[in-house]
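The following pair of complexes shares a single chain, subunit A, combined with subunit B in the former and subunit C in the latter.
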Partner chain A sequence: MNVAQLLNGLAAGSLFMILSSGLAMIYGLRGVANFAHGALYMAGGYLAYSVASHLSFWPALLIAPFGLAVIGAVLELLFFRRLQHRSHIETGLVTFGIAMILERVIVLIWGERTLSVAPPPGLDRTISLLGVDYPIYRLFVIGIALTLTAALVGWLRFTRIGLHIRAASHDVETSAILGINVDRVSLVVVCLGAALAGLAGTLAAPYVSLQPGMGAVILINVLIIVVVGGVGSIGGAMGAGMALGVLQTLGAVWAPIVAVLVPYVALVVVLVWRPTGLTGRRI
Partner chain B sequence: MSTSTAKRPTVSVAVGTSSSDVSGIGLRRRLLLRGVTVALIALVAGQAVPFIADRFLMSLLLDGAILALLALGIGFLARHLGLISLGHTAFFGGAAYSLAIAATHWDWGPTPAAVFGFGTGTVLAAGVGVLVVRASGMAFLMLTLALGQALYQVCIQTAVRPYTGAFDGLQVEYDMARTFFGLEASEITSAGIFWRVVWVALVVSAFGLWLIGRSRFGTVLEGIRENEERMRFSGYATFGPRLIAFIVSGAVASLGGVLFALNAGYVSPETLSFVKAGDSLIAAIVGGIGTLLGPIIGAMLYIYAQTNFNASGNLHLYTGIALVLVLALLPGGITGGLTSMYRRFRARLKGR
Partner chain C sequence: MRRGLIHALGALLIGGAVGACGSSGTGVSAENQTIKIAIIPPSTGALAEFGSAAAQAWEYAVAEVNAAGGVDGQKVELITMETDAQPATTLRAAREAVTQKGAAFIGAVMTSPEHGALNRQLEGLNALSFNSLGKDDALTGKDCRPNAFRVVQSTRMDLNALGQMLDELPGKKWAIQAVDYSTGHTSAEIFKEAAKRAGKEVVFEKYAPLNTTDFGPYISELRDSDADALFAVEYGADGVAFVNQLAQFKLIDRFKTVLGFNMVSEPLFKALGDKIVGFYNNVGYDVNADNELNRKFVKGFQEKYGEQPYYVHADNYLAAQTLFAGIKAARSADPGKVREALEDLTFDSIVGKVTMRGADHQLLRPSYLGQVVKEGDGLAFKVIASADAAQTSPQPDPACRMR
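Now for the complex of A and B:
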């Protein structure tokens, strides 16, 4: 194992961490596994491509998450809110349908070609770390993810809306009885979750290539991360996301066939022997 | 009556009928007779289809019937246990791959290879079932998705390339002199002739699932679906029935996979993919998982849509829209909607 591989693992884990924290928040609040999360991530990446090619990469870091927050608001108002009395499975399957629609619409707009985004000037060089030349951009991704995670945890712990989100994730009905406006909390959470997916897509754009299958591939991993980490537990999801990123990247070097199976085996082990996930509650 | 059964309260489907009217598995004789009659009529009527349909329609119907077997398996679990599976492609594709490996690498004839493929798919369903049937709801969905995708990932690895061909897929090649239940290679790939085999498989499977659903065992399954805990308190084992139901539904999907591999003569990793899992589930849901015929109709519609929209690449746009619309506006699917419309119509007639 060398430093570069470890850092690659951390960078992959950073993307998983951002994506899974948003998914875990939505899952915790609405009880719905959002199958459209991969498509939202994909939309973020493609949006970032357009912004980067018209303006530059930096505004994309704000514009893409904002655009995705708007899509999140539409999802919440049109689907999650109206279907909240239906079974969670049905709402989950609706998001599955939305994902299919969104992914196809993205391809219709941007085409089937594989697109790539150049890292912003200043971050497109490499830096020498412990004798290894390493791309600065990936360090930037890791830095953003860690900062964002710390900010998110602080926000949930120390603000009033954070308190409401934690309460509603724990028990929606009781929170509503105690005077928390669950619909408003849910709107904030879904918008934020979608914005985080958009940010992950933006950060990923210069780092992976943009192609029509990118959403589905990452979706399965992120769903697994959220369940393994414990549904409704944002900390658990972040930890599991980082762990999976590192394990997969290092495993891909040592034993590829084991590496691709890591998430699936982890999911089965966790759900069969500890249905509550590593932290959190039963799904 | 043995002591073990005497301890258990038995659930009788046929309330209010004398015991002489009830057949051994808990079905009213008249209902059983009607079921057998419908199945026989369907069986015979299906054999006439190749005389009416042209070659293009025939190949559509054949593809639809094969997908219908997969959707039927998924629908059975959903209807009787309320479990939504995204992993039945593992049994469909697993059976198809087993057949292809046996025929191509081990030089087996089509019949033993098909039996082997069906057996492997069913055994795989038993193995997966042991792991997943304790879960329910979202956990079940995730577990089946994960196990199905795990098989897909293994299948496309370079390390297993000598067996599965990785991304290239696997051509089904067997000794042309050997036949599949009397059908020669050219007849297996001909839609009009192979349709007869597939149709028999479909009708027999559907009838078998109907029988299971209406039997005493089916009532136990429904009890487990409604309230698993209460069934356990009432003295029923719930793990066994769930596992058996899962294996049965996996076996139906395996049958579909075997017939698919024989007819197509080629198995690609697509048969195991997330997309295929989603498509077959959508076919079942849009058709309606509340009825036996729903998944079959959904599968036929899906194949029809595939032929019409695949060229533009917009197939998944339309299937996605169909899924969202059905779930939001017509929860029972197409057949569910038709059934409730028929009931309302009949109630109005009676009300007059």
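Now for the complex of A and C:
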């Protein structure tokens, strides 16, 4: 595997990392199997398209995640909070319905045609790395993902709100008794998870094409990553996301048809060998 | 017991009455002076935009023909059904349209797998299907059916046209990047045969699964090859991602020719942008074709919808033209009579004089090679070469045995 292919794997894994960390956060810390996560990613991409068309790509990096955080707040206040005593399946079905509605609304607003976003000036060139010309934009995506990983882990580990979030994810009732405002914690978690989906969509917009099926295409992979990483483990999901990106790139180089099967094989192996996932614990 | 017998007879009578009211797969619509056509375009997912275009074209054709007094004196009614482009969904929609809504003709079905599944049911439904989008060779080959007619060019027809023009395209060492799908592999095989005839060499061949979003691994390998020309078969959103990422790797300028097959098309011009100026691609429909019917169609369509028609509009309008020509020739809207009338029927259309070949129900029409050029603020195809059906499909597929 040469340098370019390694970087391709890291770039693909970076998008998976950002997207799956949001889903792992919502499930692990809020207990909601969010089947609307692919639709949130799609919404982020389309929102970024509009912002980039009217302003430029750089404001989209802030506006799209913020917009998705607002959608996340709506989801938490209107749906998740009211369904918190219902079964996972019921809540999951509700999010599935939300996904279908959201995807349809996106098509009604932006139309059915495939759209794309150009990388911003400065990132639309290649750079020579170890003898290989490589697109700067992909390096930018890798950089954002790694920075975000460090920031997210640090925020959860070393801040007060991070402590409250970790406590509530272990035992929400005891956390409430101890004075943690669990409603506020839940709201922060869902908003952040949705914002991460929006950020992934924004970063993906110059990379992939925006089309009505893009949310559904990526959702399965992201759900598998969360299970493989360890349900409830953000670090596990991030690690699994990066590993899947690299493995799929390897597969595409050696046997493309195998690359498609990698997530499913990984899921079966992990469920049989280590059902709690690779980390087997929460972070 | 007598009461039971009376109940059973009553149920039989009611069932028979309901059946007589609902059943219309036997050309009842013809007797009722209304020709009912069901269109089943995809309304969700990545193909939805093409589904909308297909529906627009049928609506336009039906409105036009009704304004002129109908077909053979009969008004036409369009029944729009929904599908997600999965064969099972489309089949259910087709059955409902025929058995409950009285349709005798079906159009706007999108993909080849849907057509393959639908075609097997047409005789049982006593309905005819007009395929304007599914290009798989097998639909007029081993999977041909008496009640199925194809108006769009088959994959092989388009590739034969490209193959004949290959020696005019710059580039000696060709790379093939295709979708890992039946059409992708078929396209690559035909291209390799044509390249050999034209004295070109294929130095790279790679297939990406459908719905691939990251082409980085393929592009990196492509860059490491010594290809100076590229033949690409990536569809829709995959094609847009591939071309955009090819540009990000700064690889487009390296190729003397980029030849797409069903990759670059008018709906994707905005998403692809000026980077595709100079790209070649097969063109199924020439919007500037110089015949009266086409000029009238383009003008009328533009006035009604505010945009020029592209190939999806044109091929679906042509499907409608074909059906109407069959009804006029048969002087009846009975599916059986229309089927017989269509076989080897020659008629004038927006793509010139065409013939529906009886042996395989493939419409014989020209195929084109186009190059993307700047036109005003946007892009357009400039047709630079054409091949007629005698060159692209001189004989029917011997595998077709009409049952």
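Going forward, the second predicted complex is superposed on the first by the 279 of 283 C-alpha atoms of A that agree within 3 Å, B and C clash if a C-alpha of one lies under 4 Å from a C-alpha of the other, contacts with A are read in each partner's own complex, and residues count from 1 in each chain.
We take it that a residue touches a chain if its C-beta (ideal position, glycine included) is under 8 Å from a C-beta of that chain, and two chains touch if they have at least 3 such contacts.
In this text the structure is predicted, and so the values were computed from the model without any measurement.
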Combined model on subunit A: subunit C and subunit B, fit or clash: clash
Which of subunit B and subunit C A:L223 touches, first, second, both or neither: first
Touching partner for A:A252 - first (subunit B), second (subunit C), both, neither: second
Touching partner for A:G215 - first (subunit B), second (subunit C), both, neither: neither
Subunit B versus subunit C as contact partner of A:G92, first or second or both or neither: first
Which superposed partner A:G45 touches (first subunit B, second subunit C, both, neither): neither
Which superposed partner A:V265 touches (first subunit B, second subunit C, both, neither): first
Subunit B versus subunit C as contact partner of A:G241, first or second or both or neither: neither
First (subunit B), second (subunit C), both or neither touched by A:S116: second
Touching partner for A:G22 - first (subunit B), second (subunit C), both, neither: neither
Superposition clash, subunit C versus subunit B, among 62-70, 98-106 or 260-268: 98-106
Intersection of the subunit A residues that touch subunit B with those that touch subunit C: 104, 107, 112, 216, 256-257, 260
Partner subunit B, residues of subunit A touching it in the complex: 33, 79, 82-83, 86-90, 92-94, 96-101, 103-105, 107-108, 112, 216, 220, 223-224, 227, 256-257, 260-261, 263-265, 267-268, 271-272, 275, 283
Touching residues on subunit A, where the partner in the complex is subunit C: 2, 4-5, 8, 11-12, 104, 107, 111-116, 118-119, 124-126, 133-135, 137-138, 204, 206-209, 211-214, 216-218, 248-249, 252-253, 256-257, 259-260
Subunit A contact footprint on subunit B (complex, rising order): 84, 131, 134-135, 137-139, 141-143, 145-147, 149-150, 153-154, 157-160, 274-275, 278, 281-282, 285, 313-314, 316-317, 319-324, 327-328, 331
Contact set on subunit C toward subunit A in their complex: 44-46, 48-49, 52, 180, 206-209, 211, 213-214, 216-218, 220-221, 223, 236-238, 240-241, 244-245, 248-250, 267-268, 270-273
